[in-house]
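Look at the two complexes coming up: subunit A is in both, with subunit B in one and subunit C in the other.
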Partner chain A sequence: MKNNLVPLVVLAVLAGLPLLGLNSYVMHILILSIMWTLAGMAWNLLGGYCGQVSFGHAAFFGMGAYSAGLIHLHLGLSPWWGFLVSLPLVALVALAMGSVVLRLRGPYFVLATLAIGEVLRITCENLTDFTKGTLGIMITRTWVEKTQYYYIILGLALLGFMVCRAIVHSRWGYYFVAIREDQDAAESMGIDTTRYKTIALTVSAMLTGLAGAFYTNYMGYIDPGVVFSLGEISILIIMVVMVGGVATQWGPALGAGIMVILAEYIRSLPLIGVAYQTMFGVLLIVIIIYLPNGLVGDWPVLRRKLLRRGATA
Partner chain B sequence: MWVQAEVFLQTLVAGILLGGLYALIGIGMTLILGVMKIINLTHGQLMMVAMYIAFWLFTLFGIDPYVSLLIAPPLMFAFGMLIQKALVNPVLRVESILPHNQVILTVGIGLVLQNVATILFTSDYRSTPVDYASTAFYLSDLWAGTPVEISLSLPWAVSFLLSVVITVLLWFFLAHTDTGKSIRATAQDKDAALIMGVNVGLMRVITFGLGSALVACAGCLFIPIYYLFPALGSQFTLIAFVITILGGLGSTLGAILGGLILGVFESMTATYVGMGWAPVGRFVIFVAALVFLPGGVASLLKTRKLSK
Partner chain C sequence: MLEVRNIDVAYGDVQVIWDVSFRVGQGEIVAMIGANGAGKSTIMRTVSGVLRPGKGQILLAGEPIHTVEPYTLIEKGLAHVPEARRLFPEMSVEENLDMGSLRGRARKERARTKERVFSIFPRLSERRRQASGTLSGGEQQMLAIGRGLMALPRLIMFDEPSLGLAPILVQDIFNVIRTVRDEGMTVLIVEQNVRQTLALCDRAYVLENGRITQEGAGADLLRDPHVKAAYLGV
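Coming up: the complex of A and B.
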């Protein structure tokens, strides 16, 4: 029971937050942080535990976002149905992609993920009749208030958290880590590596798609340049995990909070605001060189360093 | 009938010319991949930087982009060595869970380069309006009675020829100089090379520099016929790795063939499907290569050699 205590406390605190009557800007930050936490946890399952680094999670995020947008545009359904529509769609694409690319070792997967995000963006931009191209899709938001959105994304993130936690502690989770550490050894132990890598990819993609579908409902406007963006989505998801902690339970949540607040803060600075991507890039480089396992992952190292400095001073 | 043949041939010529330039981009990437075993996802961004160097040399001092070939590549050579020494090498020494940290690092570098370029030079489209830009040769000038008319733009032709010259020079360097041989040895087997007395660390630094210089050459050759904007880099990074996969990882000859195939294929997609679809055509080729020919063109060449 002790293991479940921390998540329950965190959940209770998060569920209680809107009751404090926070202003809508703070709520906005919280909602975005939780949304990125969901995407980060999804990426972490594939990248952190299974060791398959994806540079194209924007593809799944964008597909989720566009499922919600397109059913509204063409079928007149509420964009909330996008959650249901996105799941099989994203799963199908992920399965197809996995069966082609994950058979191979080496850099193929990295490259394929990078390509699929870009290709979907270009396809969306070109299919102007179907997706309205670069004009994007506008929907009417259901609520003006943020509270309802907050609870919905919190519920989704909780779902994501539980799915990831269940998988990581199950036989699948151990398979994933085995594959990350040594594929040959994993295979010689009888693990069908292609199959389990594909499973990791599919689950990860579906959760990311949910975050995307939520994005459409929450923001009310999507266009290919944003939801399929390499810099704004794919890299941001990686940064959320890298900053927080690769292959850790709480890393994505911490990373998402830091990244969202940092992005908002840097963008609000008068002169440096335009350079926020430079800041992100520099941060990424610094993290990789000095804290390659993220704040949570390298916490023991970090604490030792800080303590030593405190002792000498 | 003749009109269709004309369109087809013209597309083919354009594709081959484009492919020659693509090959240069691909060779740089494949060299780095061969020696470092990492994908350099900032390759296109390096080309973008070189193109800005050529652009400003032209705009401020009136230096012809082809003359910049003597200026931009050496600068980028130094820049590439700096990246390898200051950023990639430290990451190689760090213990981490993820094996792909160096790749993520190159993405970070690319992000910085692109954003800095946007801040310094704005995201306006730029070009170098050289006075020979619209000069062209026509087949009918040579052969008056030709049934099909094919035109050949002067800057495209010059760029193509120069890229062939650079490729030949590179081949000579890799095949006949000590440094070149050491680089190839490092790519083949790093540990064996080390035992044979090759300074592997130095070769890595030189290779990254060389790859950057090659893509800088491609940038200088591209700018008279293309336009320039800060986000152009990511597009060329994609092109570079499609070529690398198509050619076979780490194979120079494969990269040349891969570049030509991609150039022709893209040119065909642009003519017969639509301009905007060329990047999707790129992806189709990429997936086809992954499914049917994961070793790339290089694996075909190898089986040929073995069966002989």
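Coming up: the complex of A and C.
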């Protein structure tokens, strides 16, 4: 009962926020946070629950973004159709990738994810006739106002949240965790580990692609260096999950909020601003050492520490 | 029930099993004894499909299993209680047991088998909601065995089920294995507790440096001078 109520309350609050007449900068921060929440939840399904760490979710994000951009550029379709186009495209790539590299043990999967993001970026940069290369693709945004975008990304994130929640609480969710905890043992329990890892990858990739397609529509401009970026997309998605809480329901949302605000803040600092990716790297190391389960995952530990400090003070 | 024919197994370039053959008949308890590093666990992992033999064949009830996907073996009736338990540490006791009975008949009979496991190991019943990673070593071993039984296998393989257990518990575990066999399961067991194991089993194989060097009835091997000197310390 309580568990079902929390998401509804959160949703009601989020749905009500634009009614407060927030200024457009705050709306922008909210929209980005929700977009990264969606990508974070997607990554979390594969990396957090199933234990398959991806350093290449920019590949799926970028494919989503370019689905929207390319149908507009070549077919004159509204980039909003990008959502529909991206789903089968991303799914196909994820399935192909999964059935090849998820079969192998060891670091192959991590390396393959790292490679696919970079390969797609370089391909996109060089297929200048098709993608306009580094010039990027510009679309005309549908609205000047932020409110519509806000509700659209909120709807998508809600969809992602429900999909992940349903999967995590289903048989699949248990299989994912079993695979994460001991793949050989999972296999000898009768779990077709390649198949379920591929499922996790595919669902995760599709949700990430939706975030990418939204990005195009919202930002109005994409280029390969941004949407296929290792640092600004792939690593940021990992950070969102690590900061918020690996394999937790609310971790990605919290992590996304923190990372978006932090990125804005660090970028605004004079001098240090340009080095914000380095700062992210340092932050990631600190988090891994002190809060390996993220803020949500390590909340009991954190609270105990804070309480103790409070008691002695 | 199980027939292993002339298998070689290697880790990368390092071959550790050489031309090993043995069989486990329906309803038998067969033991494999050997020093540390002889290759006992390697053989079990090969039978359960985690490793592939470089040559040779493995047949379960006449059907070759060394070429099939390992996840299909449990439905064919093969359960493996691996060395060092290999539980799912963040899952509860009960969830671990459920994982042992994902398919087929085991799934349908899940509730009943679980009650049976809990009656064999009442300590597990008291801890059914506890994360398995927080159980004591002995409790984890009970859970690993329980999880193997949940599959209602025809053949169950135990890799050092008594490892790290107090003597009284070792006796309990051996009694469980005997009961399981009496109910119709076939057992292949690897053990360091050579004396008790030879007393328990019908037949045994001696594995030395990856090769089978002796075989015979448990009682005969207990009296064998080489086995006495090498494994019983007399």
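Note that the second predicted complex is superposed on the first by the 313 of 313 C-alpha atoms of A that agree within 3 Å, B and C clash if a C-alpha of one lies under 4 Å from a C-alpha of the other, contacts with A are read in each partner's own complex, and residues count from 1 in each chain.
Definition applied: a contact is a pair of C-beta atoms (placed from the backbone, for glycine too) under 8 Å apart; a residue touches a chain by one contact, two chains touch by 3 or more.
These numbers were taken from a predicted model, which means no experiment stands behind them.
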Open item on the list: Based on the shared subunit A superposition, would you classify subunit B and subunit C as clashing or fitting together?
Closed with: fit
Task: Partner chain(s) touched by A:282 [first = subunit B, second = subunit C, both, neither] - done: first
Open item on the list: I'd like to know which partner A:107 touches here: subunit B for first, subunit C for second, both or neither.
Closed with: first
Open item on the list: Contacts for A:185 in the overlay, against subunit B (first) and subunit C (second): which applies, first, second, both or neither?
Closed with: second
TODO: Please work out whether A:174 is in contact with subunit B alone, subunit C alone, both, or neither, and reply first, second, both or neither.
DONE: second
Task: Contacts of A:193 with subunit B and subunit C, given as first, second, both or neither - done: second
Open item on the list: Just checking: does A:8 make contact with subunit B only, subunit C only, both, or neither of them? Give me first, second, both or neither.
Closed with: neither
TODO: Rounding in steps of 10 degrees, give the angle subunit B-subunit A-subunit C taken between C-alpha centres.
DONE: 70
- [ ] If you've got the overlay open, could you tell me the nearest Cα approach between subunit B and subunit C in whole angstrom?
- [x] 5
TODO: For subunit A, give the residues common to its interface with subunit B and its interface with subunit C.
DONE: none
Open item on the list: Considering only the defined contacts, which subunit A positions touch subunit C in the complex?
Closed with: 174, 177-178, 181-182, 184-193
Open item on the list: Give the list of subunit C residues in touch with subunit A in this complex.
Closed with: 48-50, 69-75, 79-80, 82, 86-91, 95, 98-100, 102-103, 147, 151
TODO: Give every residue of subunit B touching subunit A within the complex, in rising order.
DONE: 33, 38-39, 41, 87, 90-91, 94-101, 103-105, 107-112, 114-116, 118-119, 234, 238, 241-242, 245, 249, 274, 276-277, 279-280, 282-283, 286-287, 290-291, 294
- [ ] Write out the stretch or stretches of subunit A touching subunit B in their complex.
- [x] 47-48, 51, 53, 55, 100-101, 104, 106-108, 110-112, 114-116, 118-119, 122-123, 125-126, 180, 230-231, 235, 238, 242, 246-247, 274-278, 280-282, 284-285, 288-289, 292-293, 297
